[in-house]
Amino acid sequence: MSQPVRFALIGTGRIGQVHAANVHASPDAVLQVVCDTLLAGAERTTAAFGGRATSDPLAAIRADDVDAVVVASPTPTHVDLVAACLDAGVPVLCEKPIDLDLARVDAIRDRARAATSPVVLGFNRRFDPHFAELRRRVAAGEIGRLEHLAITSRDPEPPPADYVPLSGGIFRDMAIHDLDTARSFVPDVVAVTAVGLRQFDAGIAGHGDFDAAVTTLVGAGGESIVITNSRHSAYGYDQRLEAFGPGGMLEVGNVTPTLVRSSTGSASSTGEPYRRFFLERYREAYELELAAFVATVRGEDTTASPSPGFEDGRAALVLADACETSAREGRTVAVDLS
Amino acid sequence: MSQPVRFALIGTGRIGQVHAANVHASPDAVLQVVCDTLLAGAERTTAAFGGRATSDPLAAIRADDVDAVVVASPTPTHVDLVAACLDAGVPVLCEKPIDLDLARVDAIRDRARAATSPVVLGFNRRFDPHFAELRRRVAAGEIGRLEHLAITSRDPEPPPADYVPLSGGIFRDMAIHDLDTARSFVPDVVAVTAVGLRQFDAGIAGHGDFDAAVTTLVGAGGESIVITNSRHSAYGYDQRLEAFGPGGMLEVGNVTPTLVRSSTGSASSTGEPYRRFFLERYREAYELELAAFVATVRGEDTTASPSPGFEDGRAALVLADACETSAREGRTVAVDLS
Amino acid sequence: MSQPVRFALIGTGRIGQVHAANVHASPDAVLQVVCDTLLAGAERTTAAFGGRATSDPLAAIRADDVDAVVVASPTPTHVDLVAACLDAGVPVLCEKPIDLDLARVDAIRDRARAATSPVVLGFNRRFDPHFAELRRRVAAGEIGRLEHLAITSRDPEPPPADYVPLSGGIFRDMAIHDLDTARSFVPDVVAVTAVGLRQFDAGIAGHGDFDAAVTTLVGAGGESIVITNSRHSAYGYDQRLEAFGPGGMLEVGNVTPTLVRSSTGSASSTGEPYRRFFLERYREAYELELAAFVATVRGEDTTASPSPGFEDGRAALVLADACETSAREGRTVAVDLS
Amino acid sequence: MSQPVRFALIGTGRIGQVHAANVHASPDAVLQVVCDTLLAGAERTTAAFGGRATSDPLAAIRADDVDAVVVASPTPTHVDLVAACLDAGVPVLCEKPIDLDLARVDAIRDRARAATSPVVLGFNRRFDPHFAELRRRVAAGEIGRLEHLAITSRDPEPPPADYVPLSGGIFRDMAIHDLDTARSFVPDVVAVTAVGLRQFDAGIAGHGDFDAAVTTLVGAGGESIVITNSRHSAYGYDQRLEAFGPGGMLEVGNVTPTLVRSSTGSASSTGEPYRRFFLERYREAYELELAAFVATVRGEDTTASPSPGFEDGRAALVLADACETSAREGRTVAVDLS
């Protein structure tokens, strides 16, 4: 048996907790250091999942007994922490986005390209077993050449009001995951046409942001991709995929906790409410994301389930910027991801 | 174009109305005579669907301008009316059952066997498009040799209290349809094991009858058939089939009026309530039953959709009697349908 | 009972045959005159469904014994035939589109507005029982205010090569039905953003047309509507609706001939292939469209199921023109349907 | 954090491996001793999952550093090993059945009843999340008083030919799981009516055994339960539940690995093949069974998910014996589980 990979975790918020628990549960990983600028947060996490606590992220990254880093701190810290990992030659899994500002991303792009240690982006949905199996079957040619991909993506409810002005807007904050999903099927997107909508949330509108959007991407091979977003969904987290080609269609619907269905006097074959939000819906995806990162760190063959990298994180931001421009100017925006 | 078949309808109750409307709507049939012992009932029907009214069933059967008869009068009249049709050489479609008393059925069995004019039994479910397609695919060998058939059959609610003592009991009144469905797959049933239950209706129990039952049939080829009956069902008429063989399984679930499905905060992918009872569920089956009878009357090829005949009606009654015996004596009953 | 409405049918092609059969089958309608410029076509139709044949459309429209007209002749004849019906004061059901050229439509717009006799457009999908029930439930407020509508609409295969240059293009020929479906939910569309695609058919591309398209409409109330079109679909006619609002989602999937599902060694719960094309998928819709037209002709209350009129036909064409412009110029096009 | 429960595992066959892996993966359990009469088997298991190897089961049970025992050795050893655990006062999770011979089970019944340490039976399906949720909703009164339960249970293929004569027959070997599932809903079964079938496997028939069966149980409250068994199933492990009461129906269908569905030219909405056999289908159930046993060992509150005990193991065997008698004698058999 290989030695477990020793992890430093930076950031102990909601996503940080998910990573801490997954590192703890994995037989191939161990939580060595937990960092939070509030030391108490780090200590609560080590009490539950092991490791030592610190408030100094650079110390965590550079520690001799750390093999890999997970960055789950607030977005504005990502670029510097990734840069520190690059400098230290330590593999890093960084939560999305790298930054909301493309200029800041591009400032470390060359270093990321030249790096010998992997930089992995936390686009966890790539590892969802349902979506990954659909993608595998598309890649295997089951429906022929992909012509159309429909991505439905609705959050159960809007983010807290005070988060809205910091979010970067619906495209950079929310659609960015869907833009990466689109690129996991069609990496080379060449045109973006987005329609932004203000349907129900006055607070979001008040910040000049949209609470819903419809985005059409076109790939270099003429593929079309439609992303339908909304910031609310009464029936829970709405995460669906539909791939269409000359040979037919492949679909993944929403996930219920169990398969129990009921029939009563007023309804037939009723399923359970869908899994509520991303922590429930993508639980397996977070576990598999970590497992793939561990395999990457160990230098194992990850062809079957490759982790998205720095360029994927950058491309999603370029597309989100193009969405914003398209929605505001009412025109199709050409993009070049190279 | 052929001339429409001229019909006499005897009996203008609920089922009589269905037949009257279907004869009226068919381009191949016309309602010539309507008979009810209460002339006013006949007249109401002719006002809506055409034809002349009478209270004399024999006159209707023997009328010169009548090509075929539908018997939809109360059960105790069926044997005599079928016998009259046999004597007159007029094709007859008789609602099930022929009679509740096997001795009375057997009294005309030889005449029915020797008849030159068809006697068709109103087992309409044989014509249900869903069940018929399932049966066609079984017959085509899609799942190999049939090993098991599961029939679920629940009425939405018990019959009126005053009908219960006249009904002949759950097996002769209700399960008889399912016994015929069983025979449409496995004509030669050799053993019957039935369990009668008293689960919810004190009135039915008070008459010594059952309000639910589980019946296991075994065919001459070793096939098993399970019929699950209940006299109530909160979610509407429950009519399902499942056929199993070495090659797989074929199923038909319940039917909703439309395909609309809803997802809300408390439920996902909810279908409409199922069609409520037999008039809604088997609407197409009644139409197709009449069309097959018209084709039979005209001497057309009905191989693809043959009408059940007198012997089918008798066999269902023999099986219902065997169910009753099995349930009351707690033992498997051997049957011989030849 | 009312007298049956006496129909003149103009045009005996594929759709003409559907209307002829439905008029024949309806107890409330009778086929009085059938017109085709090729008299033999008209005669074949009358032989099957009754009525007298003619090659003179104006004679058919103006006949004393004709109460209503169905126009199912080639598109270029529609405007003149509708105009003749308006002049004669005869109710007319005209197949879509009124014309491919908005100027020709507008030439009779004032007369249509001033008309005392109804002009009904053949947007049969409004009468599909599944779509109509979904619309009824949206109108009843079940999901709250409509925020998003997704229309998926794919033909099983492209039209014949020689029809392509005459078709008016994918938006005017195919999407026009979906644009009307959109308007049956959101009548007042204010902005159109369309992306045209050339994915698989060199012949269509050779004529400068698109073989697939993604169209986003925005309504006056901020509603978004996405129409996904393709000129081919391996699995049959793909016709789906999904309506979303703050209270949840309502969906209608594709329709199979029966509900039989199979499970085998390689697949589970497999449904039948979907109904192949519009004649199969919208069979009930054509019947109900005719029934609603008959009710309109008779002056009955049609509030529950109103027929689309001249303005609906015009609006769909305005939207199709806007789609074409948007797709060609890569920009959102504002529209005014008033 | 509590100390992990230290386990001794006896038996390292297929099920033993499942338990070894689950003990290893659980943060609350550790594999301390692994016993197999073939020491090499034990050593292979400890190499993968930890612990020390032995070929002496009594030494394993009586070891000072063992808190709990899992018995996964061949059936004939179960009674003696459970007895040894009772003598040692060590909690034991014993795979089903306790024994194939009721007399041998009853020989230790009094000791089991008097025991202070828990004896848990390996009816893992009680912990399946789908079945458990259905049972929870039934218990919560969602469909009112349970009237009918339908259990469908088919193995993908018959057991190896040389196992058949040792198996105890289809009722004691296979249906015993379903009989326990029945009792998890209706503990007090009073009558058994079973029909045994020989449909496809000459080897099984040659040993006087059945390859399929239909069993009807009646509960003390008049509930009916139908168990449909077959020793083969082309489409994988068929494990379904349907509960019916006056308020409606609750169902659990078969489980697919992912939710991907496909539509092609010959089929619509096709699911993946079902999970193949019990190791795949009941993976979560085995994990949750172990977790519940750990909680029992620790004396935690297990009201929400109680483990089945010795009496449950005995009751299932009594029912299996009654099935055998009923099927062979063609009569209903009364049972008394007290």
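For clarity, chains are labelled A, B, C and D in written order, and residue numbers in each chain start from 1.
In this section, a residue touches a chain if its C-beta (ideal position, glycine included) is under 8 Å from a C-beta of that chain, and two chains touch if they have at least 3 such contacts.
Everything quoted here is computed from the prediction, not taken from an experiment.
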Chain whose mean Cα position lies farthest from subunit C: D
Of B-D and A-B, pair with higher C-beta contact tally: B-D
Whole-Å gap separating subunit A and subunit B, where each centre is the average of the chain's CA atoms: 58
Where subunit B and subunit D are represented by their mean Cα positions, the distance between them in whole Å: 42
Junction residues of subunit D - those touching two or more other chains: 143, 234-235, 247-249, 253, 263-265, 269
Contacting residues of subunit A [partner subunit C, same complex]: 143, 147-148, 150, 152, 154, 191, 193, 195, 197-200, 212, 214, 216, 218, 222-224, 226, 228, 230, 232-235, 238, 244, 246-249, 330-332
For the subunit A and subunit D complex, residues of the former touching the latter: 24-25, 27, 129-130, 133-134, 137, 142-143, 247-253, 255, 257-265, 269
Subunit D contact footprint on subunit C (complex, rising order): 234-236, 253-254, 256, 263-274
